[in-house]
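Encoded as structure tokens, the structure appears first; notes follow it.
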Amino acid sequence: MKSVYITRREIFNAAHKLWNENWSDEKNEKVFGKCSNRNWHGHNFTILVTVKGVPNPDTGFVINLTDLSQIIKDKVIEPMDHKNLNLDVPFMAGKLASTENMVIEIWDQIKDSIMIAGGELAKIKLIETENNFVEYFGGSEPY
Amino acid sequence: MKSVYITRREIFNAAHKLWNENWSDEKNEKVFGKCSNRNWHGHNFTILVTVKGVPNPDTGFVINLTDLSQIIKDKVIEPMDHKNLNLDVPFMAGKLASTENMVIEIWDQIKDSIMIAGGELAKIKLIETENNFVEYFGGSEPY
Amino acid sequence: MKSVYITRREIFNAAHKLWNENWSDEKNEKVFGKCSNRNWHGHNFTILVTVKGVPNPDTGFVINLTDLSQIIKDKVIEPMDHKNLNLDVPFMAGKLASTENMVIEIWDQIKDSIMIAGGELAKIKLIETENNFVEYFGGSEPY
Amino acid sequence: MKSVYITRREIFNAAHKLWNENWSDEKNEKVFGKCSNRNWHGHNFTILVTVKGVPNPDTGFVINLTDLSQIIKDKVIEPMDHKNLNLDVPFMAGKLASTENMVIEIWDQIKDSIMIAGGELAKIKLIETENNFVEYFGGSEPY
Amino acid sequence: MKSVYITRREIFNAAHKLWNENWSDEKNEKVFGKCSNRNWHGHNFTILVTVKGVPNPDTGFVINLTDLSQIIKDKVIEPMDHKNLNLDVPFMAGKLASTENMVIEIWDQIKDSIMIAGGELAKIKLIETENNFVEYFGGSEPY
Amino acid sequence: MKSVYITRREIFNAAHKLWNENWSDEKNEKVFGKCSNRNWHGHNFTILVTVKGVPNPDTGFVINLTDLSQIIKDKVIEPMDHKNLNLDVPFMAGKLASTENMVIEIWDQIKDSIMIAGGELAKIKLIETENNFVEYFGGSEPY
């Protein structure tokens, strides 16, 4: 059983701020620095979704990239692109808009759709700037 | 007189929206599409500032990159990084926050400081996403 | 009159070979080397289209990037993406499929549409690999 | 025993199409979309080969990168660069030219040579476009 | 327990040569090739440090990137940037300046500080050129 | 006469320092900062050479990229790669090793060979880090 890992990249642009509602302005400023700017800031986010599977003998595919791309567009790009992550995205409501929390929530948004499409979600990488990114493996063993 | 063009790259992350106050919501939505999202979106902006000059025989420099970097940080990064371009940036007040308008205003912010440092501002390139960017030559002949 | 130059990037993947029908196999092999492989090879092409203009006071736009992107998609990506440049592309018929010839022909495909959309085509950059690309300014003075 | 993973990157440009000989034209078109274009299309492929090992005390090397590069050039670049993956590459004959199948076959082409050079092949990453790539770990546990 | 992996990127520019003091000039030249140039050569090194952890409910952070960046700057960039890796860096003294040895030594420089900051060092990736890089997981199981 | 500009990219890795022999250590340190480190530092330099010309009707080429690449390798990469720019490169002898001075000297090294190969050298871009680069047009009007 020769598993291959295939990755699809998509991008979205969004505003957010890092802000803990239970804290004073001073503490938010102290912990989150310029990321706590009251009037928001934003990023070009890049998301890379990796699916694990054995290539289908008839197609040579682990998963059809057209299907994988469509799942990401429907479940991630549509609700997050050109949006405010704190105000506009239902699955981020009430959560701190850190990349760590984003990647955990995105995992839950796409995991089942990928399974239905015949693949196994293995990893999500979320790039916020050229200098920082997060990776998530569903809380289980990383690859 | 052998002019060389030297470029310094800096980055900033900001929120904005494209919105014409004189228009209805419908017209803003029609013209600006998802960029008109009421609650903002954002980008990682990359700015490249190009200075023209003849290398100084004692230093081999057109301009000391430490000086050029400091000018960009003081005049562009400080007021724009982790800010809302529509609300927080004095020199963008009352202007549509398009990349075209941004690059024109940034030119005016740094031109004189670069001249004082001994160089001549030749070009600003402002990258909004991997798919679009603008270039400005001060309204005069481009290079 | 403060002209700004705005650029839109698009990509397409195509097969081609460099082959002069008037030459022997030996001469084709000698001049074009591995690029003359009878059974084709291919590339991920990146095209950057630059439009010159003065920002519209109502929109802040030189040209609406949605319009520019649509023109490139209709006139360049649709006929060239996932195609054979020697066999499938009408406007390349009978021409050597070099990047130099491609960029000249693409210019003629999009120039008028961009003018109708209110902009002036200033430059096309066509990247074939990370190590080589061409730029074209319509045969007139470059910027 | 402090294992380090070292990676060498190489590139090749090739034509291919996705086509199942047992299917009708309609089914090929339906499943593979524009990738089934009869006259081929192509890509700039980037391959990253990762070797695991403990640095040699005399050289500081897991494997001499000159040797690793030469193995990749002899076994992968030479047979695949500026070629048609469906027609010209012996080890792809009779196989669907998907990136998944390519990475599995490439593994078998280089595994033994790397072992002879004193390293252990740990991973191959094959990038087809900026938006999709595959990774393979020999069918065993990934790292 | 949903572990997320967060990565911070930093850069430094350094000179080095590959040279084994116990070998003749001829053997150094034979094994290390142009990397053995007596008068040194150099690189732009990129380092990516990955920290594993469960996001803090109050901050959404595995580790504050400001802290992580500061640790890397203090322990890696300060001693290595614009330095000679063979002559100027205390923790590389007496060791072959290969990327493999560099990444092992850097691990020991930052591991404890990251633990004190509340994270667990999971991986260091050190990029020497666009064509080669190394990864290290502390000698234990990779992720 | 439809001139096209074609560019070839090559890379080299070198050590250097910025140091004015006529100055005290203190002044060198003050002006050049960490770039004056006595024991050198280094970079991965990327050079992009642009040639202007009208495509040859028989080849579709402004210049054969194999020839252009060979000229750059012979005249630039061979003398500069894995070398010390202050000590090892004849055409940099006695000159401050700034990127500005490098690009001017490289111009003189390759200009005639490109003319003999049938092209016209139009521009050299020399990238020192991701944050700074220089461009040179032979001292005449830039394009």
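Order as written gives the chain letters A, B, C, D, E and F; numbering starts at 1 within each chain.
Simple rule for what comes next: a residue touches a chain if its C-beta (ideal position, glycine included) is under 8 Å from a C-beta of that chain, and two chains touch if they have at least 3 such contacts.
Bear in mind that the values here come from a model prediction, so they are computed numbers and not experimental data.
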*Please find the path from subunit A to subunit F through touching chains that uses the fewest steps, and give that number.*
2
*Please state, in steps, how far subunit F lies from subunit C along the shortest route of touching chains.*
1
*Return the chain whose centre of C-alpha atoms lies at maximal distance from the corresponding centre of subunit A.*
F
*Please decide if copies subunit B and subunit F contact each other with the same set of residue positions, more than half shared, or with different positions, and reply same or different.*
different
*asked:* If I compare contact pairs by residue number, which of B-C, A-B or C-D overlaps with C-F on over half of them?
replied: B-C
_Using Cα averages as centroids, what's the distance between subunit A and subunit E in whole Å?_
28
*Could you state the distance in Å from the CA-based centre of subunit C to that of subunit E?*
41
*Using mean CA coordinates as chain centres, what's the subunit B-subunit E distance in Å?*
34
*Quick one: which residues in subunit D touch 2 or more of the other chains?*
130, 143
*asked:* On the basis of the stated criterion, which chains touch which? Give every pair.
replied: A-B, A-D, A-E, B-C, B-F, C-D, C-F, D-E, E-F
*Over in the complex, which subunit A residues touch subunit D? Could you list them?*
1-10, 50, 55, 58-62, 64-66, 143
*Can you list the subunit F residues touching subunit E in their complex?*
11, 13-16, 34-35, 37, 39-44, 81-84, 87-88, 129-130
_Contact footprint of subunit E on subunit A as seen in their complex_ = 18, 20, 22-23, 31-33, 95-101, 103-104, 130-139, 142-143
